[in-house]
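What follows is a pair of complexes built around chain A, which joins chain B in one and chain C in the other.
Presenting the complex of A and B:
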């Protein structure tokens, strides 16, 4: 039963990381910007929801508000930073460094304006649980599971069938051509970061409800998400989501066999081996930013 | 510059450095340093510690300072990182010329201990408990017993009263590792057996897999040695069916008050409250509901340095790390409503309580010292 419970916990964690990976991959595949500040938006959204629920605002409204705030912050970063750097001909490395700067700023803003403490939501229902076939889930874990799968499916459908989704894919496939055909890539980038940042708010809030909020730990979540994105095949949203779950299950299950201190090392070692065997990732695509 | 000019400049510099020890009083104030984690994951504790130090300094100044000389405290941020702590130590030693410094966290205190020895600067540690602090520097004084002292008392009690099969969950950092090693050493010496050991990382908030693993080996109890995120672990313990009773040391204090931790045990360094007027003044100054453990300990430790400084100035000596340290050993007993502290060695001797969480109270089961637990 220990193994089943560890796998179940890993699946839930993987779904949360999967949504981070998918949202990160969506923006990266479209813009080519290694948006590390995504982790800062993840943190910020969690604290916004925590603050609002502390004021007595219903959780669902706090969640919606944090999604909107995440989208607005993302758009602000795109318009004021990435677009400016793009106009000045900055290299991807410069954009990455700028993004790290935004991440650090966001983490410190959270610590200063909210609290540097590890905090928990004051929501009595978060400790309720459900047992399915002998496997135990907390209510927030169930919410993480359902929302992650649902939002992942929604992003895929949006990308494939909506007008904006097709436009985003066109820009991602060939930014130069998109410019000539008046698809206005810079505006599309703003839409994409708004979608990505709004999406990442969901695990940012729900993981905080399930466990706790901490201003400085989101980077390790993003790192795992990035590994999942690469292992899943850059450009494949499905690959990123599936690999997030696989890596999280391996990490969770490994605790049963080796000391917990080795669990992250096990995941990274498996990633290195996997990428040596299959450098293009789980889903075979060309090494492009196409989605 | 000629050779003569260089020698003159060196001589002048040397004289300035030599004079700096007594320059503090001549400047019209005594400057002390506090090197605390004011940002980063440990900031909540660091800020509480900062309040304790600042409050002590404000109280001293409100009563006329050090024999009429105002006392000023300079805070610097270690960020909870040893490398930043070393830089901050040098800043305070070079730019502020402090004779004494208050520190926090084992890794920080260990990192600056060699610098304290080299520069003969007194470092007072009121909270870090790793055993390595015992002999880290002749200039490092600990006002709190170390992990091994508490582990010794706890292991003896656990084997006699709770069970002989244990699992350990420990923070993978200095204090947690010491906690694990010390408890294991004394517990096994008393006939106990460790069935599993699981590390958790500083700043971690998901403990489920570690808790599931230790519960699966079915120990009589779990020894938990973590320094933060107790509330999160307490919640997750409640989500593991049949999780055994747990025990811990002073840092387990935040586990109290949860349904999932009812019946748990912890050791506690006896730490009382100041008188009502002082307590109210603290609450008013910092708009706080309580004067927490760290605030009290840092308040008390700052007062110990001030008391030593009074003795040094009374004897007419200059205020240096060496004279302050010698004064502390000369005074030896520092009794206050917060604690009765005795310095026979660099580490204070204080009574250790075994407490059990029973409803709304931490019931004191027994009190002893490490030496009596042998």
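Presenting the complex of A and C:
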């Protein structure tokens, strides 16, 4: 029974990480920018929702506000930073370092304007729980499950069938051709970062409700998400989501054998194994941009 | 005066670590955000050995060897593959190293760290005060800077530059890129090991926080601000950036906010330099 509970916890964590991985992969596969600052937006959105609920605003409104804030901050970063660097012909290394700068800035803005301490949401329902088939879930965990699966499906459908989704895929697969045919890649990049930053706000807030908020821990979540993205095959959103769940379940089960303090080492070991055995990821895709 | 010397020693130690990062990131173009972790491994190795009674010079040599090895091994899986895998390996190395420093408490003292590391003694001299230690750290910095300069001037250094500019062309002309990258990882690790060993001996107290991801970002900022691929760049950056916390003590801000404000400045500096001056103050373009 312990194992079933551990697997269930792993699936919930995996869904949250999956949403981070999918949103990161969506931007990364389109632009080729290693957007480390994604972790900063994740943190920022959690704290914005925490601040707003502290003011007495209903949780659902706070969540929507933080999604909008995340999207706006993402668009601001794309327009003022990445686009400028792109126009200057900056190398990927320069963009990455600038992104680390944004991450550091966002984390410390959170620490300065909100609080550098660990905080928890003041919502009475977050401690309620349900037992489904002998497995225990807290209410925030159920929210994470439902919203992650729902949003993941929405992103996949959006990417596949909507006009903008097709345009994004066109830009991702051939930026040069997209430029010639007036698909306007730079504008598409702004849409993509708005979508992915808005998406990452959801796990940012809900994981914060379930556990607690900390300004500096989001990088570990992003690292796990990126490893899941690579293991799933870059360019495959489904692969990233499924591998996030697999990784989180392994991480959760590993607690039964090694201390939970080593879980980051477990994830990293899986990454090294993947690099050695199957560097192109589980789902083989033609992806010419990275690696 | 003592205040000045302690600043000098720290800045020189970080200059050595900046050389380590500069060699990887500036010269070969291998991204690294784990140099603080490697420095920490050097600090723990030498600190633990000196506490066990090993003479200081031997402990430094051990730190150099261990760091060269660890830097090499941590980069090994990614050397075969270019680009973005290295970013993850680098972040991963840093986070795993911090986890090891915190959790292997029987060896590292856990989160509370190791205190009471004996002062450095070499050939009968002991370096107790900051001004005495400054002699040692200056000497070490000169050695590292000299070797960095010699490496860059040598045919080997030309090849390192060529790898950054066009790796495929280097492979096509029959050079062994993999061996070269492995070699440069080892040298870079050795530099960080020297920095770490000096840090442990000088501060006499080390804990995981001294070598976490924020310190690595600080080292990257130093290289970016100072400038890639030049001697002056690796020295200007650390001196300038370590002066910022000193300047902050002059302003009256709550003690809980000092750390975040300092890091906020580092983050803004990174963005500003990438936007307007990617070559840093005294370097060449990244």
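Heads up, the rule we're going with is that the second predicted complex is superposed on the first by the 284 of 291 C-alpha atoms of A that agree within 3 Å, B and C clash if a C-alpha of one lies under 4 Å from a C-alpha of the other, contacts with A are read in each partner's own complex, and residues count from 1 in each chain.
As a working rule, contacts are C-beta pairs under 8 Å (C-beta built on N, C-alpha and C of every residue); 3 or more make two chains touch, one makes a residue touch a chain.
All of these numbers come straight from a predicted model, not from anything done at the bench.
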Superposed partners chain B and chain C on chain A - clash or fit: clash
After superposition on the shared chain, which partner residues are touched by A:186: those of chain B (first), chain C (second), both, or neither? neither
Most chain A residues touched (candidates chain B, chain C): C
So in the superposed three-chain picture, is A:174 touching just chain B, just chain C, both, or none of them (first/second/both/neither)? neither
Partner chain in contact with A:261 - chain B first, chain C second, else both or neither: both
Have a look at where A:2 lands relative to chain B and chain C in the superposition and call it first, second, both or neither. first
Partner chain in contact with A:116 - chain B first, chain C second, else both or neither: both
Check the residue A:108 against both partner chains and state whether it touches chain B (first), chain C (second), both, or neither. both
Touch check for A:98: first (chain B), second (chain C), both, or neither? second
Just checking: does A:272 make contact with chain B only, chain C only, both, or neither of them? Give me first, second, both or neither. second
Give the one stretch of chain C, out of 167-175, 203-211, 221-229 or 275-283, that collides with chain B after superposing. 203-211
Across the two complexes, find the residues of chain A that touch chain B and also touch chain C. 108, 111, 116, 215-216, 259, 261
List the residues on chain C that touch chain A in their complex, please. 25, 29, 31, 33, 77-78, 81-85, 87-89, 91-92, 95-96, 99-100, 102-103, 213-214, 217, 220, 224, 256-257, 259-261, 263-264, 266-271, 274-275, 278, 286
So, in the complex, the side of chain B touching chain A is made of residues 39-41, 43-44, 47, 172, 197-200, 203-206, 208-210, 212-213, 216, 228-229, 231-232, 235-236, 238-239, 241
Contact footprint of chain C on chain A as seen in their complex: 34, 81, 84-85, 90-98, 100-109, 111-112, 116, 215-216, 219-220, 223, 226-227, 230, 259, 261-262, 264-265, 268, 271-272, 275-276, 279, 290-291
Write out the stretch or stretches of chain A touching chain B in their complex. 2, 5-6, 9, 13, 108, 111, 115-118, 120, 127, 129, 136, 138, 211-217, 252, 255-256, 259-261, 263
